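Order of writing sets the labels: A, B and C. Residues in every chain begin at 1.
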Amino acid sequence: MILSVTGLVKTFGAVRAVDGVDLSVAPGETYAVVGESGSGKTTLARCVLGLIRPSSGSVVVDGADTAKISSGELRLLRRRVQIVFQNPHASLNPRMTIERLVAEPMRIRTGSKGAALREEVVADLERLGLGTAHLSRYPHELSGGQAQRVALARALALRPRLLVLDEPTSALDVSVQAQILNLLADLRADDGPAYLLISHDLAVVRHLADRVGVMYGGRLVEEAPAEQLFDAPAHDYTRQLLDSVPGRGRASMDLSLGVQP
Amino acid sequence: MTTLLSVEDLEISIGNGRPVRGVSLRVGPGEIVGVVGETGCGKTLTGLAVLGLLPPGAHASGRVVLGGRDLLGQDRRAIRGREVTMVFQNPGTAFDPVTTIGGQFVRVLRAHTGCTRKAAYARAAELLTSVELPDRVLNAYPHQLSGGMLQRCMIALALSCEPSLVIADEATTALDVTVARQILRLLLQLQREHGFGVMFVTHNLAEARDICDRVYVLYAGRVVEEGTASAVLDGPRHPYTRALLGALPRLDAPRGRLDSIPGSVTHADQGCSFADRCTDVRDLCRTELPAARDGVACHFPGGAA
Amino acid sequence: MSKTPPIATLPERGVYRRLLRDGPAVLGFALVALLVLVAAFAPLLAPFPEQGAGAASVADRNLAPSLTHWFGTDAMGRDILSRIVYGARPALLVSMAVVGLAVLVGVPLGLIAGFRGGRLDEAIMRVADMFLAFPPLLLAMVVVSLLGPSLWNAAIALVVSWWPWYARLVRGLALSLRERPFVEGARTLGLRDITIMRRHILPNCSSPILVQATTDIGTVLLAAGSLAFIGLGAQPPTPDWGLMVAEGRTYVFSHWWMSAFPGAAIFLAVLGFNLLGDALRDALDPREVGR
């Protein structure tokens, strides 16, 4: 297992944002955490990334328990788990060029300098569909899709074992979303990292995930292989989520059900 | 067929840019009309032009006819909030944070109807009931309410003066899926009760399919396809609409590669703006702007060989 | 409530164009440029260079403004225009040094306080509050009584009371930047805090710091003048504007020019920096900070 989360609890004051979650992600697997705002999925992701320490329970990344190591070791462990955020422009330092943005993590992994480093950066960017013309640009000069590719390049430069994708396409247009989703599928096939996909968009989840955990009120209320979850949802909340996915026409609106506030 | 709103050949220029290049669309009384497209297609500007809320420096030409009157270039303050209202994307920032919901309803109601404070409160409570919120919401401040509740408040506020047209601009985009669904149902239900027309501006094709009677698909400032929601979204004829639907991940489709649209939006000065990204492009597409025929602005609709 | 147009430019873009478009900005820029030029070329510009530097000329005492002495002469017979021209040097030097040192002390402390938070933040900010609560004049008197009155001791006193403003400013910025995805992303790269602060936080604070510093140069210039005026700053025969105002004070009814012209110099210099600071604020648009 790349990631094993056991009995994870994170409280903020009296609020139990994550209230006892167990999940594990195997190498190369895509595990999707589905939930709405306030479900605790973002807090879960931040614990996995080592950005916050859990109140109790354990997060084991690549065999190392994040609770049992020093903050210095935790800092280095973080490099094995990277993240891609929802808003690509907010996740890139506006004062750095694309080249510097990708070179920063690249240098950490390879230790290269100068021309060699530049070559590595160019190679990675090309793999993600960006040319050398972008090297000297700043993030605001890129479209959303291009910026998200840079964010991906930056996250992948360390060759992480696990990539947390936090709503990676929800800020993008449909046509661009398709490009990024295809890219994510290609990278995975190409001996890439395992994905922990955080999303509320079930169509995206269906498209990418191998297993799905449905989160509600800080707990995983259902966990199943993707096919099974979408074909035969077991939990009421999962069914409600699936019923909310738009696109089945006016008849699906079923006004007779009424509207609960 | 009678017409509530008719936009004819609307063009909007901002500085050197021409983000809207001749949009014509029509909303009938009690009809829900989708205006769908991606970022930069001109859908939001079109909605704002109807309300007369274009950003400073924007210049609009063409005709915006509501209830028989051409509104463009006229002061629309008297109409805004009464005959036409808008539901915005982000309910969190559309409300004044230091006034209670009740206070904001009273302010709007009194400005438009000149009724007494007491009458305004009573009407506000009535409106909240219609969007299925309890009266106590009147005493709440915006930050005490969830996004879904605020969006209900905004819809209630939009309906306060019995408008004939409601413009909903990405009204569900900032909401969670289950909440978005409830808001859509609510909008549909209220529309049936009150019979107002809706201009439903969205990037979400799936939602448009669920709620709209007819849709207009916009690309690079022009309408590329129009028709009933099911005709356009189940049997798209314009290559852009087809590509867009192919790019959409779906619950009921097999996994696999999605069709992405290569390149990015460009406004062509000659020919069809979609030509550079179109898989069926011919020479004619690059030289001559396709006129709308039978609801499709394409020289070779349906990918005819 | 329309969507904001997708124009997210770096603040630096087109700054010069925007600066030149508005009148007060041009005036501010011109005044500051004039001050810098005058300070740089004082010996060439002053009609009586040696008097500007301090040499007395007893024969020409208390002369009213004339064609030879445009701004008149003082009680020691020195040409006031020359004194003012020479006075630009300490004025500019001291205020820039004070602001520079305050930035050097305040910015790192504010960065650490804002980014690290917790007890360290508490400690740094309480110390800063203490310095802010102390009346600057009183502080200056303490420093001066310890080290003796001079221009540079007055400068030290001003640095001591000025750095907390920068610590506060930067702490607030760091606090909000800390939560930004790009900073969280930097943390997942396993970078050291010091690297994150230097590479990711500080560059995104630079615009507001620059604006604040520009305005502060004017304010410090005024404060240094005040200290000189009450005898805690520059000492004779330094050609200091505040000191000149003080020296002319006793003759203000009979020989108005002795105080009026150096006073006007202070006014114009402070005005220049304030206008320039405001213009920079508008041109760099604080809403864009950290974008």
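Points worth noting:
Assume a contact is a pair of C-beta atoms (placed from the backbone, for glycine too) under 8 Å apart; a residue touches a chain by one contact, two chains touch by 3 or more.
The structure presented is a predicted model; accordingly, all values stated were derived computationally and were not measured.
Summarising the inter-chain layout, the chain whose CA centre lies farthest from the centre of chain A is C. Summed over C-beta pairs in contact, the chain pair with the top total is A-B. Centre-to-centre spacing of chain A and chain C amounts to 47 Å, using the average Cα coordinate of each chain.
Each chain gets one centre point, the mean of its Cα atoms, and the points for chain B and chain C are 52 Å apart.
If you average the CA atoms of chain A and of chain B, the two centres end up 31 Å from each other. In chain B, the residues touching two or more other chains are 39. Considering their complex, residues 36-37, 143-145, 173-179, 181-182, 185, 200-204, 206-207, 230, 240-250, 252-253, 255, 257, 259-261 of chain A touch chain B. On the chain B side of its complex with chain A, the touching residues are 38-39, 132-134, 147, 149, 152, 176-182, 184-186, 188-189, 192, 203-207, 209-211, 229-230, 243-244, 246-251, 255, 257-261, 264.
Partner chain C is touched in their complex by these residues of chain A: 49-51, 75-79, 81-83, 85, 87, 89-96, 104-105, 108, 138, 140, 151, 154-155, 158. By the touch criterion stated above, chain C contacts chain A in their complex at residues 8-10, 180-182, 184-192, 199-200, 203-204, 290-291.
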